[in-house]
Structures are given as C-alpha cells and as structure tokens.
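Chain nomenclature is as follows: A, B, C and D, assigned in order of appearance, with residue numbering initiated at 1 for each chain independently.
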Amino acid sequence: MSTFAELLRTERLTKSFPGVLAVDKVDFDVRMGEIHALVGENGAGKSTLIKILGGVYPPDNGRILMDGKEVAFASTHQSLENRISVIYQEFNLVPDLSVAENIFIGREPKTFGGMLVDFRKLNVQAAEILATLEMPLDVKSYVSDISVAERQMVEIAKALSHDSRLIVMDEPTATLTEKEVRKIFEIVKNLRARGVAIIYISHRLEEAFELADRITVMRDGRKVDTRDIESTSKSEVIEMMVGKVVKEYFAEAGAREAPKQPLLEVRGYSVADAVEDISFTLHRGEILAFAGVLGSGVHGLLQSLFGVVPRKAGEVRFEGAPVRIDRPADAIRLGIGYVTEDRKNAGLLPAMSVLQNLTVIVIRALTFLRVLFIRSVEEMKSFTAMRSRLDIKLAGPHQRIIFLSGGNQQKVLIGRTLLTDCKALILLEPTRGIDIGAKAEIHRILRELADRGMSIILTSSELPELVNLPDHCIVLYKGRKTAEFTRATMDSEKLVAAQIGHTEGARA
Amino acid sequence: MIRFLKLYEKFGIVIFIALGSIFLVAVTPNFLKLDTILNILAQAAHGAIVGFGMTMALTSGGFDLSVESIMALTSVFMALLIPVIGIPMAILVSVLIGSMVGVLNGLVIAKLKVNPLITTLSTATIIKGVALLVAGGRMIVIMQKQFMTIGTGKLLGVPVPIYLMALFFGLFYLVVYRSSFGRHVAAVGSNESAVRISGLDVDLVKIGVYVLVAFTAAVASVVRTSQALIGMPSMSPGFVLVVLTITILGGTSLAGGRGNLWGTLLAAIFVSMIYYGLNLINVQVFYQMLAVGLVLMLALFIEGLRVRYLQAAKAMGIKV
Amino acid sequence: MNGARGSARVWIASRWDSFGLPALIAVLVLVFSLLSSTFASGYNLFSNLAFSSLVGIGAIGMVFCIMSGDFDISVGSMSALAGVLGASLVGRIGGVGAVLVTVATATVCGIVNGVFVTKLRIPAFITTLGMQYVYRAIAYIYTSNTPVYIKDPFWLFLGSGTVLGIPLPIIITAICFAAAVYVLRKTPFGRSVIAVGTNKTAAMLSGINVDFIKNMVFVLVGFFVGVATVVTASYLGSVNPGMTGQGYEFQVITVVVLGGTALTGGNGNMLGAFFASLFLTYLQNGLGLKQVNSYWQFVATGLVLIFAVGINRVKSALLGQREL
Amino acid sequence: MKKILSILLVLAVMAGTAFAGGAGEGAKKEVTIGFSLWTMKYTFFQAVEKGVRDACKELGYKYIMIDQNEDATKMVNDLNSLVGQKVTGIVITPVDPGAIGPAVQKARDAKIPVVCADIGKTGPVNALMISNNKKGGEMAMEYMDKLFKEKGIESKKVGVGRVQPQYTYASQRGDGFVAKAKELGYSVVSDLVTQPPTAEGGYDTMQQMLSANPDIAGVFFASGREAVGAANAIKAAGKSTLVVGYNGDPEEIQAMKDGIMAGDIAQQPYYIGYQSVMILKDIFAGKTYEDAVVPVDVALLTPDTVDDFQKKVDALMKK
C-alpha cells in the first residue's frame, strides 16, 4: 500500500449542457489512501465532475486515467468496475428493498443454480460489512423505515461491498448531527487507513480542514487550485472559492435592543412523534432559533406551526388572538411565511419558470378580481423588485427554476414568502447545501428583515449559524426543551452539549 | 386493530369472496357443487395468469394494455402452425412469438423512454393489425381436436387450467419475491434512478418485465384458443380491463415497488365467481357490470379508510 | 453548447411544442392531397376538422387532469350516461334544458370521481376504472338498453349546423380551446393546476388547496366531456347506452399525450391535444380514402403514435431536461 | 403568438390544398359506389364486402370501401367524407344504425342515394336490406323442437346466449327464440349475454348454463362463433345438449361437420351486399326506392344440408 501513489487523474476533462459549460478542462488527481476535499460554490462544477467519475454523464472531452492507464466511464456500471463508488447527496437507495438487498443490489448471492437469491447469505454478508462500520442496524429492515444517518451508512456499506479504491462523498454530513458527523469522520479516516482514496465534498470548511490531506477548489467549472491542507488556510480557500474575500463569514451580532412586543405565543404545544409540551414566545423583530439534532422534534414542531403536520395539543396566539392553524393556507393568511428544508421535494416547482415560482403564493393578489386574469405587468413588477432586493442571479424571468444554482433557488423560495409581506417567517435549514457566498447573503437578508421588524423562527444543523444569527435560541432534545440561550448567554460548547443531551448547567 | 389492517392489506379480498359465496349459496343450490366451483376456478385461470404478469408490470411502475392483441396474435399463429408442425411445437413457437411483442414493448419503453401506457396502447393497435393480416381476417378453425385438452381437459377430475394457474402462481411467486430479477423489478418500480446508479441495467429489467407480461398473455391465449378450437384474430375484447380490475382489486398499487400476487390470485377467483354466480341466477348483464363496479369501488373505499386510519394512528403517535 | 449542429437541434426542439404537430399535419395533408384528389377538398378537410372536435373537446379537460398529475378513464361511460339522461329528457324540458342536463350530468360524474380521489386518496386511475363500470351500467339500466334519438332542432343544430359556412362543432371547439388556453395561462387556477402537477407538496406549502384543485380538475374533465357528448350526440343523431363513448377514454388520452402533455404531470400543451386529434383524424381519413387495407391501417396508426410520442421524448432530451 | 401562428399554418395549408383539390374534382364522371362497413374483422362482414365489391365489378362501377373500425363517430365521418367526394351512391353496414340519421340526410340532400346492407337504419335511407333476425330465432327453436321430438328428449328446458346488448338488431334473434319457445311450451331457463363476445366467451357461458341447469335440453347462441365455443363446452362436459348457432360462418359449418353443433341459421351476407348495389343500380335507372325494407331470408342449416351450402358459399367467395 504505497500511499501517495497516484490513483486517478483527469486531463482537460470537459462537460457542457445546453447553455452551460459545467466542467471546463479540469486536470485533477487523487492519490491512493488520501482524503481529498473538493470545495467550491454551487454551480462550480463539483457535482458534474463527480457524476462524470460516477459514469452518469459521459464527458464531452478529455480523458480519465487510473493507475496511468486511460479508462472509459461510459456507464455507472463501468465506473463501479473500476472500483469507484459515488455517494450522491440525494440518496440512491431503494425504499422498498431491505438494507441488505440495497447493499448487494445487482450482486445478490444466489442459490438454486443462480436462479434464486440466497437471502440468508445475503443478510449475513450485509451484517458483516455493517459490523466493520460498527453500525448496529437490522439488515432486514426496509430502507424506507431507517433514518437519514443510517441511510448514509448503508451507502458507505454499499461502497465497501464493491471494495472500492475510490469513494466519492457528496456532502455526506449535510443532514447529520454532530454526533453522527463524528461517526462518519471515524469511518472515513479508517477507510483512508485501509488505503482507500476518498473525494470529500463539503460546504463546511472546518470539516475539510479537519479531515483532508489535500484540498481542491473549483469555481465556474474550472479548477482554481489544489493545495496540501497544511500549506493553506480557510480564508485563503474561501478567497479562491468566491474569488473575492467575504468579510464576516457570518452576520455579526449588531447592537440591537431586545425585542418587546410578542407576536406569536405558543403554550403547551405537542406534536406526535416530535415534541411534548413546548411553550415559547416570538417577539416582533426577533430571530428565534430552535437547535436540535435529528429526532429532537424541531422540524416536526416548526412544520406543525405552519400547519403541515397536525398538532396533538397546545394553543397558539398570534398578535394576541388565539388561532387555529390546520393547513398552510391558514398560516399564510395570518401572515406567516415558511421556507422548507427540502428544496427539491417540497420547495421548487420544477416545471415552472422562476417568475411563476416566485409569485405562486401571491398570485391571486396579482390577479384582476383575484380569479379572472393575472396582471402580467404587476407580476413582472413584483418579480423585478424581489429579484433586485434578494439579488437573484438568473438568465431571465422565464428561465426554468431547475436551471438555477442552489443558492439562487433558495433565494427564490425566500422571496416567494417575502412577497406575501408576512409578519413572521419560519425557515428550516435556510442555508443547507448552498455555497458560502450565498450563505452570507442569506444571513444578511435575514438580519435586514429582522431589523425591519419581521419575526423569524429558524432551525439549522450548522453550529455557527445557531451561535451567531439568533437573538434567542431554544434547544430541544427528544422533543423537550433542554436549554435556552440569549445573545448574551450564548455558548457554543454548551449549545452542542445540550443538543446531544448533556444539559448539566446548560440552562441559562 | 393495526394488525388486522395489516392482514387486510394482504388478504382483504378473502372477505369479499366469503361474502360473495354466502350470498350465492343462499340464492342458488347450484353454486355449492364441486363442478361449479371447479369451473369457477378454471374460468379464473386465464385472468389470474395474465394478472400475475400485470402485477409484475405494475410493480415495476409500468403498465401493459397490449395483452389482448398479444393473445390474438398467439391464437392466430397457433391455429396456423398446429397443422404444420404439430401441437407441442406450435404452442412453443406461437408463445415465443407472443412473447416477442413484449420485447418490442420493452424496447420502446426502456430505450425510447416512451410512457408505458401510450406505448402499449400503440403496440396493441399495431399487433391487432398484424394478427388480422396474418389470419387474413379469418377465424381459423383448428382441426386437431386433441388440442382441446389443454383448455378443457381434466386431470384427476380437476380441469387443466387450474393446474396452469397454480403452476404460474408458484412460478411468479418465486420470480417476484425470491429471484434477484424480481427484486430488481421492485427496485426499479421503487426508485429507478437509484437502481441506475447502482450500475444495474434498468432497461434490461424493464424489457424482462414486458416479456413476462406478454408471455403470460400468450399462455392465457393457449388456454382460450384450445377452449374455442378457433384461431381468433380478434380475441377477448375488453379483457385488458378485466385484468387491470383483478390486479388492482388484488391490492397491487400503481405507484410501483410492491406487488401482491396473493391478492391477484384471489381477486381473479373472486371476479370469476361474480360473473359465474350472477349468470347462475340469470342476472342481467347490466347489473353484473354494476356489481363489479360497485364491488371495486367498495374495496377501494375500504382501502381508503384503512390508509386514513393508519395515518390518523400515526398522527396520534400510535406505533404503526 | 457544442457546435452549430447542437444549437440547431435545440432550436428545433425548443419550437417543437408550438410548431411540431402543425408541421406534421401540414406534411400529412400535402402528402394525402397529392395521393388522392378527393382528400383535399375543402369540404372533406372541414368535415374532418368537425369530426376531430369530438375527441378534441373531450381532451381539454383531460389535459388539465393529466397536467395535475391525474387521470380519468371513465370519460367514455360518463359520456354515455350523460348523453342518455339528457336526450331522454328532451320531451319534458326541451332541447336547451336537455343539453344543459347532459353537461351537468357529466360534470356531476366528474365531481364524484374527484371526491373519491381527493377525500379517499384513491389513485385516480383506479377510481375511474371502477366508476367506468358503474356509469355505463347505470346508462344501460336507465334506458333499458334502447338508443335515444335526438330530434330536437336546437340540439341537432349544435352538431350539424353551420354559421357562416363553418360547422358549429368547429366553432364550439374553438371557443372551448380558447377558454381553456386562457384559463391555463392567464388565471391563478391554471397556475395552481401546473403547480399541483409538478410538485404537490410545494403547492400545498404555498397555500394552494390541493384537494380543491384536484376536485376542480375532475369537474373540468366532466364538463368538457359533457360538451363533447352534446356535440357527438347531435353529430350522430342519437345516444346509445352501449355504443356512445366506447373506447373514448383511450382516444382522448392518446391525443393528450400525443399533443405533448407528459403523463408525469406539470408539463402540458393544450393546443397540442387539438392538433393531435386533427392529425389522427386526417391520418385515418387519408388512409381510408387511399383504400389502404384496414388491417394495415391499425399498424400504421400505431406506428405513427409511437413515432410522434417518441419525438416528444427526443425533444425534452435535446433540451437537456434529462432526469437522472 | 406562436400558437396563433401554428393554427394559421395549418389553415393555410388546408386552404391551399383545398383549392388544389377543388380543381381536380370536376374530372371524374363514372359511377362510384362508396361502401362504409362496420369492420373487416369478422367473416360475416367480409362476405358482405365481397358481395358489394363483386356487384360493382360486374356493373363496372368504381368502388370505395371505408372501414368504420366499429366506431360510430368514425362511421359518420366516413359517410360525410364519401358525400364530400360526390360518390354516386352509398352502401352502408352501420355499426350503430341509430347514428346514421344526420349523415344520411346530408347524403340525400346531395342527391346521393343510400342503401343499408343489414343491421338497421335511421334517417331517409332509400332501402334497407335486412336479414330476418326474429324469424331466424324462431326457426332455431322450431328446429330444436323437431329434434327433441325425434330424439324423444323429455326436458323442456332451453337456454339462449345473446350477443352484446348494444347490438339491438341482433338481440331480436334471442327475442324470436324466446317467443317461439314460450309458444311451444318450453321454459327458457337461462337467458344470458355471451361475454366476451367470442368463441371462448361462448365456452364460459355454456359452462354456467350447464351448472345452473344440468338437464338443459338445447341452447341457441345468437352468434355462430359463440355457439361453437358453447358446443366445445358441452363436449368437454360430456353432455348431449343440442346447440344451434346463427350466421353460417365457416367455423360453424365445421362444428356441424364434427357433429358437435346440431344446426345453424345461415344468413346471406354476400347476397345482402350484392343486392344492395343492385338496388342502387335500379335507383340510378330511375326506379324510386323510399324507405323500403327488403327482408332477406335466413336458411336453416342441418348436418345434412351443410355440405352443399358450403359449396355455394365457397363458390361465391372465390368468384
């Protein structure tokens, strides 16, 4: 196992889609037994690059060499044959199959002269692999029934079962809790120890710097540079990524007077499978954060507040008056906005234009007599206004939303709710899977909104976001309030501790 | 309650069969006779056999409306070939030809990525035409009487079609639940892109599915043709809707991913029982239609309530 | 973009929705008129146009339905039921009333379907599969299986009359499609239908009442089937509980899909459905006049279908709307 | 905008070609017969078609056949299309006789005579050639009665398998049979619609009849191929129930030769088709037909008479 021997090299790799040059003459190399961080803003070409390696997209130009020999990546199958496994951000497991079946899909052990699947053997082998990951998980359980973190593990187990020499991980920790992230790190390091090379894509620089041996930065489809991790710094990398130095990576605590008038009062609120007896008050112009790991019930709580999932008990007062919120429509009518954490499945309207995506909520207000005909001029006005306000980058109002970068898509989703000029805004994971530049922008936007008197409830799995953004932060653990911080008492260690259930003295 | 509902998901149709039987026993003495019951099962056979194929198609997230035409084509070729190459060979060849239509369906659906519904709708038209062309539009009488045995003969007093139905049930049970192909079919129906990424040849799986459906249709055609002793270029019009009714009544979802072969088998028997039973008591055909429709709607109604109950239970935090 | 060829392909692809079928129709008409002197008589072309409206009108509702990600295969039986009910009442409530009853009946059928789909969460395909038995059976039983003849002048006028030399079915079709296109592109409802079809959850989170939209979509299906039934009935001079609407559902779905509406929901093409219906009519009529053996006609029609739908696929592939 | 353009495109082409076509029309002077046929899928209609075609050949008429593909609306469109090309006369075998009214009116307005070849009619058709379905049913029953007497069969139970309900003209066969049965003192113990309307459907239906009444003495199936299926079912069940069919198609003839079918009511499709054209010829010659109904007799086929019947048919179809 000669470490630092070159495993894979791409030469002038190029891939274009109608209108975009996604990957532009990229020379890139991975060595055996290294963790190679791949960073860059959304639309920088990371995903396309790894999809080429995964054999999903055939490259237009350039070559790929493994151990110095040129190899073809015409199909996912071929890249697996070359012992490359890609773990995509959107999972590629089959919900209706068991964990074991997923790990060995296409390579099931056979009996009866290869006619039938040997399920006993299948389950044993799967269990063995999971054991090496110290992953206690019933191989017979359906993937549709297991947690996100567990799915991540299954993906890794799948990669191992191919005994891959190169594993590509796209944002493996994006949706995981600190604890789970630790777990993944261990596994990744122990893979490196086995001489497996890893391409590690992440938006969390601190992860890259903790894990990686080398880091490659991409921008606008081009490779900016590859550095040894020792010989570079976060700010340098950020500079390479955004092309300009982003000051205050996170919006800073401005001097703000503590908000006074209550807007939303929640008492004794319970949601099935989520939270028990939660009470809190959201004031005007306040940014209230709910911190909590997967299973803390945070998402359930916020979804229920917007009427997505039914509440079990509790009362809600909005501007002093008791209200019932059974459907999102109710919340919207009251003046509550909502930005989902699941852009792809719950946010975007893929078949529709950016314009239509932006105005979907307020469309009736832009309509003559609310139903008769849409006043295109008005619609375009509100579009251009919101576009410049949020600085959304796009080709034109009639461009399909799916062709925008993640950051801009997120802005559209926020803009969608802002058009309703709501009084309160609920955001789940507002910056998940978007690049640093956009992150900073979105934080600035949220600040501005709060300063203008908008009340904001958000939840995030990104520690810095929780520490720096909110005026007030409530930590939930297993559905109950375990800690509470104000700007003054905020303490990241205690926050993390509270999130994973160590609450000794954390209550402030 | 929950356990009962889970059970209902699999065997709910049994309740319908029971109720139906009770009703028929009450209204006619001729129902509770061995040969009546055997006939009902025998008449369920072709519906069930094609139903198994259709179950597979739905599991893969697909669909096949071309089964009628495939049956017609097979029927015609059998009638033409039997005098030439003898019964066994003729059956073999024509079933093969019928299955080839499945290859065509599969290729168009997998390679051209045309929606299965519209594809099979089109191939149905094409193959209907081909069958008529091959037969020159004639009904082709089959002289070899011994061919009748397959559809009408008895073994130990049990009609042959019942054996075929049992055989195919066993066969498909293994394929769907135990073979890797069957699992891949479910996988494709459940999350196609995932299967692609896993390096599996999705197209091959799909083609396989449509070949299997065509195969079942061809076999059903053998049974039917031998009962008629005529090669028919226009066979069993409206059969595809019956098959869909059976498959759906059996509880296989259109969403793909999970098929219910038991359900299909039982539903086929149930549907056969309705028609047979109502004809025993001379119920007008319109009321038979109404009965089938209402039963289907009732089944769906209950299914709907079941799902709602489970959701409500989830919302109340009851472990489901 | 790699090279001029690529961009040319994209250029064509991006215009296919609006010009593809019309171009095909133009070619078809030209070819047949060269082959047969009788095909291209203005009379023939227009009577075909009128004929294609029978499926075309019915397709309007289905476009909404399929765009919203649903499906209705009960339209044939629906048509029979509405037809016999309306026609049987002419004597009592007069032509106008009867026509209204016909449309109303179909609309009610649509509501029933909609309620089953939205309230019980039963997939539309299955619901309508069941209802199609029920509607047809009721039509049979109500008429005790005897055709009902349309004698009422007003009703007959709707299907066979002309205004300024233009057959009325064509005018009705034009109005219906104009209204439909307007609703789809210019009203919030149209937007909501697309939103629901392309991403139900997102639509719901945007405050759209998904169930209401779905209900309305089925109502629309019913309504336009009702209108189509009125026209068809007067075109045929009768309604037959067993014949009317036989196979109508698949004719309608075929033209909708051939017209470029994706069965996956969201992406639709209203006028495409009309052109598709026209296209198939001319194809069959042309083949018929050319004395093409009717068995070959089956083959030809099927092939053309696959080909035309295949093109829609190629188009979206060229536009890079590839799903992984 | 694009949409409007595309519509214009189509209209333009249509207008252009229409003009071009218009030029061509005046040319043809010879007599042309347009024939609109239910379907070419079944033997009966193929025979009708042959009759029409032969007649036209004989008289030196130009002949255009359009297949309705069992679709009433297409039928009407085809008729209009025939009118549009100014054929001299129209023969039609309508899938839905109730639906031809307006189209026939159009034809007559255009001075084009219309003759219906079997099935039925609405609207101002000149003549309808229709085989006597009711009588056929009655003959079937009478024949059965005769056989029962000969064979000394005691059971008074008979059954009838009808065609699909939407084909009302053909359900008269069943009605005729049932009426006659009552008259002769038989009880019709099962009166079912054969589903599906093909031979294998006849097989299923017969099994059901037998389970309901094991001692059923005779059955009449209103469509030949269904009768054949029924005969097979009886053979398989080892019963001796008599089967009489309706149509006189080759498959029935064969079944009678095999001795599994007792009799068959033969229609005269070829004659119907042929004669329809002859009526048109008379009309062209100035003879007036208005709303005339020409009943066409049906013939009883028995195992003895079947052979020479077949010879006749073959002769006709080979012509």
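We adopt the following convention: contacts are C-beta pairs under 8 Å (C-beta built on N, C-alpha and C of every residue); 3 or more make two chains touch, one makes a residue touch a chain.
Keep in mind that this is a model prediction, so the values were computed, not measured.
Listed by label, the chains touching subunit B and subunit C alike are A, D. Chain centres computed from CA atoms place A at the largest separation from subunit B.
Judged by contacting C-beta pairs, the busier of the interfaces B-D and A-B is B-D. The distance from the centre of subunit A to the centre of subunit D, with each centre set as the mean of the Cα atoms, comes to 69 Å. Taking each chain's centre as the mean of its C-alpha atoms, subunit B lies 32 Å from subunit D. Centroids built from CA atoms put subunit C at 43 Å from subunit A.
Residue positions of subunit B touching 2 or more other chains: 132, 137, 193, 196-197, 285-286.
Each of the following residues of subunit A touches two or more other chains: 56. Along subunit D, residues 40, 165 each make contact with two or more other chains.
Listed by chain label, the pairs that touch are A-B, A-C, B-C, B-D, C-D.
Every residue of subunit B that touches subunit A in the complex is listed here, in rising order: 174, 178-180, 183-184, 186-187, 189-191, 193-201, 257-258, 314-317. Contact residues of subunit D toward subunit C in the complex are 2-3, 5-7, 9-10, 13-15, 17-22, 24-25, 27, 39-40, 64-67, 69-74, 76-78, 80-81, 84-85, 95-96, 98-102, 106, 122-123, 164-168. On the subunit A side of its complex with subunit B, the touching residues are 54-56, 75-77, 79-81, 86, 88, 91-97, 101, 105-106, 108, 110, 115-117, 119, 158, 272-273, 309-310, 312. Looking at the complex, you find that subunit D touches subunit B at residues 40-43, 46, 165, 190-193, 195-205, 207-209, 211-213, 225, 228-229, 232-233, 235-236, 249-251, 254, 258. For subunit C in complex with subunit D, the residues that touch the partner chain are 15, 18-19, 21-23, 25-26, 29-30, 33, 37-45, 47-48, 51, 54, 140, 145-147, 149, 156, 159-160, 181, 232, 234-238, 240-244, 246-247, 271, 275, 278, 281, 284-285, 288-289, 291, 294-295, 297.
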